[in-house]
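There are two complexes below, and they share chain A, which is joined by chain B in the first and by chain C in the second.
Moving on, here comes the complex of A and B:
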């Protein structure tokens, strides 16, 4: 019996030793993330890339390899280039407005908090509420607000001062501006929270040192705040860009891409191709183009923010 | 011992009845009046939370005094921004800009406050870097430097602008002991070379004693004494200063004044001089420096000798500190030369010589009597010219 006990003990000791060794390997700790990423991100991405080289359809069994035909079709479609333009205008305006307004709001709150302002939590929570509400609801809320008669809240108030009614959703330019406004209203909360987090990490002593060094308000912002915020601004800009490029729900609910194709962004086009026209291959090709655009812009930001050392 | 210095027109930096209250209830600084001559180095010393950093921050303009006035070179600076005061400050944690190189850090203030050309800025930065021996570090960012190097760059950033007042907020507290001693000397030399009016804040009494032309001891937001370091040591204005200045602290025993003796845990015989000083005071505190306590009493000196038990002996090189509990309860520390031939729990005789006794009013803490200073002259003389 004693021998059996000692054998069990030896086995147990060896198992424990192996387990400890295993736990020291970084791969073990990364494995859950890697598995989840592979299953839910990498595999679908790979599948989409493969699908973009076929003519797969939801209404027809089987699919044929068509090479770069889907991409060629997109490249020669003038409507695709128009949509790319709309997407670029929407994304660029969104990124600029999100980050700028987020920065202004965050600076205001940070300024207040550093001077003992109360109620900043309420302010942050209320701004964040806009971000929690699903995009489709935001789209609907804005749609109701922008109704082009006196029943629309905004036109009602404009009517009180003798303006309008303004064709917020039927004029092509105004419709695009409306989607940008609605998107900004929603997304600014996110950048504000991110940037505010970054601002809180800037040590007060740096501002004090800069004041003693003779730097006024603008120079303190330029030479202390901005450099200290660089990595946060980079991450925020990348995330907001991805978010803006992929916006679909809000525009779907607010304008449905119209009037005409004035607010037709790539994400919406992809949805329509894949799930309204059931052309999975064509939808996949648009998705791959969007992926490439996202990666390209992230690369551009990496270069522009000169952040390679910190990431 | 003047609680407040008289202000005269020659003073360069003046604080007049300065007070700082937070939220109407918490008083950080209460009625501080100080004045510094041009080129003087004043050390503000006191325990944590005594208001010394707040005082410095008010001089810098980082905080406004609730009441009182601060004048630099005759004109009030209350209400003006720090950037308008031409002061430079070295912070406890250096506060270097982490995204800038040493060169940019040092030159930042010059760029902000002057219209100097880049060439002249570079020239001045390099000259300061040479003074502080940081030329090799000019292209490094703070995270590539050691604490001591960061400290030098922070000093460089302060002196490059040729400020009218130089403020140092515990600049050595993050350095190790060796470096601290070295930087202490360097800062002193630098201050003398630049001849700039300097306020130096520290909680370390060694720094206070060794660095300042004068020392201002603060406690609970109030100035306890402003004087030369030696005067604070030999003639402390009150019990707080007596206990704060000197290492180990002064031994104190509180007792009832019964004319020719002080009766408390021990019965201390009062000399005529002490009795006169204590006249009219009900309770007195008898104080004696550890180096004046004798653990090998003279055979004929019978008075003021007490029996006690050795608690701990701390050898610190050429001296040892002997901690003794006297019969009756009071603890006494004696600083003796070399290593004493007694060990823990030994019973010994301890003499507290009456001619070395400081006397304080136990109620107010104010000093009533100080012994005469001992001659502190050493055999050290400068070599005469021509020898």
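Moving on, here comes the complex of A and C:
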């Protein structure tokens, strides 16, 4: 009997030791996630990179290795550089507007909550509604609102005050501005939620200490709020940049890249190459360029925000 | 205690919802899994929305809800009985077979079909837009042994659907583009005659724009086929006999520049508003016309019925005969050019290989769409134009009430179909981009033409 007890004890001890060792090995715990990432993220990414070195097409069987031909074609295509410019304008404007407006909204809601003002919940829900609606729907809604005749809501109201009709979608500059406005209207909610979450983490005692030191509102914001929000602003900026660079659905629905190619961003170009011209190799090359741009900008942000200690 | 009850209640609700969702998904799975060997009750109709015939052997087929034979499910209910008759005839002749029908979402239909064909797993048959046919040449099966009198089709059908002597698609109806104009407005500004040349259109259009509170003329910039007549009528050709683009040839480059110049002049002179660059739906132009905002536009032949006559007759506040002030004419051409119009339409094709009984049944199903009786019945009911000349000639087969059918038949004589080559899709999109660039002042006509030529040639070389 005593022997049986001792054996059970030994087994339990061994199980506990194994359990402890497992707990000390993060790789074991990360393994399921890593496997899923490898299957659903890394493998498709690798496939896309490999495809970008071929001339694979959906309307032609087989594919040949063509080296860097797809990239060389992009580099020598003046329209590609024009699309890169449009994408950069769209992404830069979006990032600035998303983060700034998100910050303003988050501060306003935070102020309302701290003061116990009514309506902050309604405001949060209203802003979030724009975010949860799919981009293609947002694009269609804005398209209907921006119709350039009496049938368009905005031009109808502008007409009542003797303005317009404004060529929101047929003027190249205004069309790009319209896509930025629609994207900002949709995406600001995400920045607001992220930054609002960051604001909740700022210790109240820091503001009290700043007040004791005689800091006014601006100085409290500049020297307490902003430094405390740095890591949140970094994450928000990176995510908004990725979102803006990859925006497809909203622009597809709102302008289709037109007039001409005035609002043709890289994501839309990639879609057209891969699924309208069926040139999968060329589409993959554009996707790889977009991936490189995303990684490069993330690196730039990492450097600019200097949050290495916090990451 | 209260909290505990509330927790239990929430858990119960969540469990019930979860079970409901799982049950629903299982139900869907069960429905979609009902494939071969399914028993169909004797009381079930011979032709239903998702099934034609009642045989045990299934064949697969994709189409649009425009072409369902069931009126209540159809986007084109007037034509559903004609299709029902046609499918019933096929089902009665093929009692061992039934066709399981899918209605894919339009947006991804072509891409999904192309992907499944490339993977060797296409449906047995499918409806195809005539402009898709070239992309499916290598997958489509010949119909020569099942379709009679191929020479009876209009020439543009044979040029597109026949490849190396094989009829690969059954072109079941066609349509053409034309000039719609308000007769009462042109009575005032051009002695009642529609403009026939570009110069005349510019002159009349400027008069209308200056004196009427409406737009003079609009073009649908979402459709290359509606705008290619400017290029064709200026003497331009898109491809040579080998299928290579010839836009860069001097005569064609000149024609392209002239066409773009004309469209640019329409906007510069105020005849056409710049906002046409933002209009993507073809229904917008007749809607502006009905609202009294537009005197002339280029549209499809079926729009007289669908977008002008029917909506006006349905509007209680407008006299029923108001649509009659809208007339049709040929699309204006250059003074020294010829009239042309772009023709389109939809086809049917089969991917089922071999001569098995199943392949034969599917090919006979597809061929039935272009039998003169079926074609006449369907086109008459749907207010569409037949692709067989003999159907036009036989009033027993085709005698529609739709207005202006004789004029449309006359316009078809000038019909030019999209070239049946994959490069056409690039030509079409580049042509629209070139027009938009000119209309919105982003490019001069010559510059836009050169960019288009370069892009098309690059794409052709790359593909």
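We adopt the following convention: the second predicted complex is superposed on the first by the 287 of 311 C-alpha atoms of A that agree within 3 Å, B and C clash if a C-alpha of one lies under 4 Å from a C-alpha of the other, contacts with A are read in each partner's own complex, and residues count from 1 in each chain.
Here is the rule we use: a contact is a pair of C-beta atoms (placed from the backbone, for glycine too) under 8 Å apart; a residue touches a chain by one contact, two chains touch by 3 or more.
Fair warning: this is a prediction, and the values are worked out from it, not measured in the lab.
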Chain C versus chain B on the shared chain A, clash or fit after superposition: fit
Which of chain B and chain C A:73 touches, first, second, both or neither: second
Partner chain in contact with A:205 - chain B first, chain C second, else both or neither: first
Touching partner for A:9 - first (chain B), second (chain C), both, neither: neither
Contacts of A:170 with chain B and chain C, given as first, second, both or neither: second
Partner chain in contact with A:277 - chain B first, chain C second, else both or neither: second
Partner chain in contact with A:256 - chain B first, chain C second, else both or neither: second
Angle, in degrees and to the nearest 10, that opens at chain A between the C-alpha centres of chain B and chain C: 150
Partner contacting more residues of chain A (chain B vs chain C): C
Touched partner set for A:55, first chain B, second chain C, both or neither: second
Touched partner set for A:47, first chain B, second chain C, both or neither: neither
Chain C versus chain B - closest C-alpha approach in the superposed model, Å: 28
Footprint overlap on chain A, where chain B in one structure and chain C in the other make contact: none
Residue numbers on chain A that touch chain B, as the complex places them: 203, 205-206, 208-216, 219, 223-224, 227-228, 230
Chain A - residues contacting chain C, complex: 55, 57-61, 73, 77, 79, 147-151, 165, 167-172, 175, 255-256, 258-262, 272, 275-279, 282
Chain B - residues contacting chain A, complex: 60-62, 81-83, 87-89, 91, 93, 95-100, 108-109, 112-113, 157, 161
Residue ranges of chain C in contact with chain A within the complex: 111, 114-115, 118, 135, 138, 273-278, 280, 287-288, 293, 422, 425-426, 429, 433, 436-437, 439-440, 442-443, 451, 455, 458-459, 462-463
